[in-house]
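What follows is a pair of complexes built around subunit A, which joins subunit B in one and subunit C in the other.
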Partner chain A sequence: MRKRFKKWVMGRTDVMDRILDDASEIHDQPRETIKKQRMELVREMEERPGYERTVEAEQKGFYLIYHIVAVISCILLIGVLLYTVAMLPRYGEENTRADEVVERYVEHGLEETGAVNIVSGMILDYRAFDTLGESHVLFTALICVMILLRVDHKNMRSEYEDYYTVLSDRYYSLERDTIIRTMGKILLPCIFVYGIYILLNGQNSPGGGFSGGAVMGTGLIITAAAFGFDRVDSFLPLRVSMWMTFLSLMFYSFAKGYVFFTGANGLENHIPKGVPGAILSGGLILPLDIAVGLVVAGTMFGFYSLIRRGNIGGA
Partner chain B sequence: MTYMTEIFKIIMLVLLIICAVSVNLTRGLLKAVIIFMSYSSIMCVLWVLMESPDLAITEAAVGAGVSGILFMATLKKIDAEKEDAREEEPEDGRERT
Partner chain C sequence: MTGTPMEWIRFVLTAVFMIVGLCSFICAVLGVFHFGYIMNRLHAAGIGDTMGLMSVLVALMISAGFGMDLFKLIAVAAFMWCTSPVSTHFMGQIEYFTNPDLSSYLKLRRRRGDTEET
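Right after this comes the complex of A and B.
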């Protein structure tokens, strides 16, 4: 090596000469074969029956119609949406059509629902049926993702496939990252306490089931990213999360069914409203908040877990 | 004070539009996801300015947190980050060793 370097410094030989030649020999060979294969493919395509007509149509601008139609439909959609937005009442302006409902909610909301936070009173008392549908949509979405991404011995192509994917995920996962571990140790208690606070205080302050559940689901995802899925599995195995989601949805359905039944038939409602402002107030709002929050947290973590390892919890 | 809030709101709305347009114009998928997450953060501030803090909490947790994480996990699952790197590689014809 040193001799060659000396020779090169003295100007007798070019060190890079052989190396460059070798490299070009190595790398050009497959490129030429690839080129040949591509040329053959192009020839095959040209020899196909409908090829000439397709080329003619392309040259005549037949496929231009698709572009034109796409642009026109985009512009139409933008126009329709902007027109609809222009029809909406301005922010904070008086709206005569919706005034009746708004007045009812603002004036009688506190005494009818027992919730200081009128938004919670709306989504979990007046419009509880919508929220029931939303929770079921989340549950259905989780089931659909599970059908697509669940990995078990039935849909594995070979017995090694799962092993290798898990191994590669472990290798590239963030569990070894010191920054994420340390930040997780500092942040996770705050995130969980904040999530539980939002969940339990939904009837008194901004927040509620969906927000608190989303914050807690984010906390579960950070736990899985920082300390590994085993840590989450230790307190939330598959059976627990499934029963949790199922019981939450069942409780929501039966509790709201009772309320709808009594309300529709003019019967007396036996659920106590409590003192407005206390934690145990608002009638059914607090338990329903907890149910929705558990469903949302389980769904958020379930999506992440299914995408990362193809399973929700340790079997 | 309200004057300052109006100016701040307008700045945030302009940033929102810039984010929304640049998500479409960015080539790298990972960059697009990060811009989308910043869009959600700006939207979170705007929800607070529009006096709906419960929506702001949800937007921060779902829009800026979970959906971005899910996008990134999906990109990793389909090896999209490598595709991005291949696109940005200079076209000298040689494979990387």
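Right after this comes the complex of A and C.
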């Protein structure tokens, strides 16, 4: 019994063997041919110059050094983080090391930014410059991934799908799978509504641009996975998504530049703050949240689409 | 020994469900790191995703009692049970359709109703 269990765990026998006794095995011919082609590709790769050098480097203990360095850096990181946690004041006690900046944020945050959620007020008002940089980092990363991974007629070998791309699983999709489609139909409206809620309510409750944008980007990814990239293309083609991301960033830059030059340091800010707690409150925070959310959603979907298909959207 | 018998029953039930859930999570983590092939790892991860998660959530439901938290936990359980088996299925399908060396890992069998070209 124990031996059989061990064999099963190691994957040598199948408990279903007896149950499915009458079923015949499939010897799948197309898979065999593809396998042969793959083996030829591997052999071709092994004959290339430089391959042996790589293998030698691996045998010379590269992985040993790699593992040692990884373990040491992980232990260092854990130590530093635990030390920092130990330095934190206990919950509810007065923080004696807090400087005026923290006091200022906590005491005057609501009246100065108009946001009930102090974190939103901080990242999109006091420290909006930092968030501006983060959005630009996301956009730059998307552009870099696009440069590296985009497949179009300029870098294909011919106009037709050539030998290598036919083998690639880039052209395979599961659009007709009933399970995924059904769950997508049920879940997608909830996901999009929840993402929009997080996005619009960022100044009043935890959330905001980054988390709302991530939820909406996930919704886009699920749409692409369940219904195909063409479905996403029907409401968000490449051109629209690029313009959306670009215009969001432009709006953020100009709006925040205006605020930096006119009202950042106590000068009057001309945008009304509204009633704290209402959806239309917090002055510039709500539009900035929406801009950041659109950037994040576009970036997430762009990453998925570029890695999966080598392009944003269908095509 | 303080507390009414009812509270003790609740505490013991919570502990039992929590321990079952944590054990299945440990199984899942061990399996994911032990196995080398994606299908076995998916199976191991699926145990944690369904049974482990449900046990932990049931434990939390018992300890939360009747109220708004209970409904939130039910919503979380429904969402997770809808999504994680579907994602496991998705990964399995992708592996089945795109791996050309599949027959060296698995025995592919024809079901009785299936035709020649599958």
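Here is the rule we use: the second predicted complex is superposed on the first by the 197 of 315 C-alpha atoms of A that agree within 3 Å, B and C clash if a C-alpha of one lies under 4 Å from a C-alpha of the other, contacts with A are read in each partner's own complex, and residues count from 1 in each chain.
Operating definition for what follows: a residue touches a chain if its C-beta (ideal position, glycine included) is under 8 Å from a C-beta of that chain, and two chains touch if they have at least 3 such contacts.
A quick note: this is a predicted structure, and the numbers were derived from the prediction, not measured.
By the touch criterion stated above, A:Arg38 is placed in contact with subunit C alone, subunit B being left untouched.
In the superposition on chain A, A:Val151 makes contact with neither subunit B nor subunit C. Within the superposed three-chain model, A:Met183 lies in touch with subunit C and out of touch with subunit B [touch as defined at top].
In the superposition on chain A, contact of A:Val259 is made with neither subunit B nor subunit C.
In the superposed model, A:Met244 makes contact with neither subunit B nor subunit C. Contacts of A:Met300 after superposition: subunit B is touched, whereas subunit C is not reached. In the three-chain superposition model, subunit A touches both subunit B and subunit C at residues 23, 27, 31, 172. Contact residues on subunit A toward subunit C in their complex (touch as defined above): 11, 14, 20, 22-28, 31-32, 34-35, 38, 167, 169, 172, 174, 177, 179-180, 183, 186-187, 225. Of all residues in subunit B, only 50, 52-54, 57-58, 61-62, 65-66, 69-70, 73-74, 76-77, 93-95 touch subunit A in the complex they form. Per the touch definition, subunit A reaches subunit B in the complex via residues 23, 27, 31, 91, 117, 119-120, 172, 198, 206-208, 210-211, 214-215, 217-218, 221, 300, 303-304, 307-308. By the touch rule above, subunit C contacts subunit A in their complex via residues 35, 37, 40, 79, 82-83, 86, 89-90, 93-94, 97-98, 100-104, 107-112, 118.
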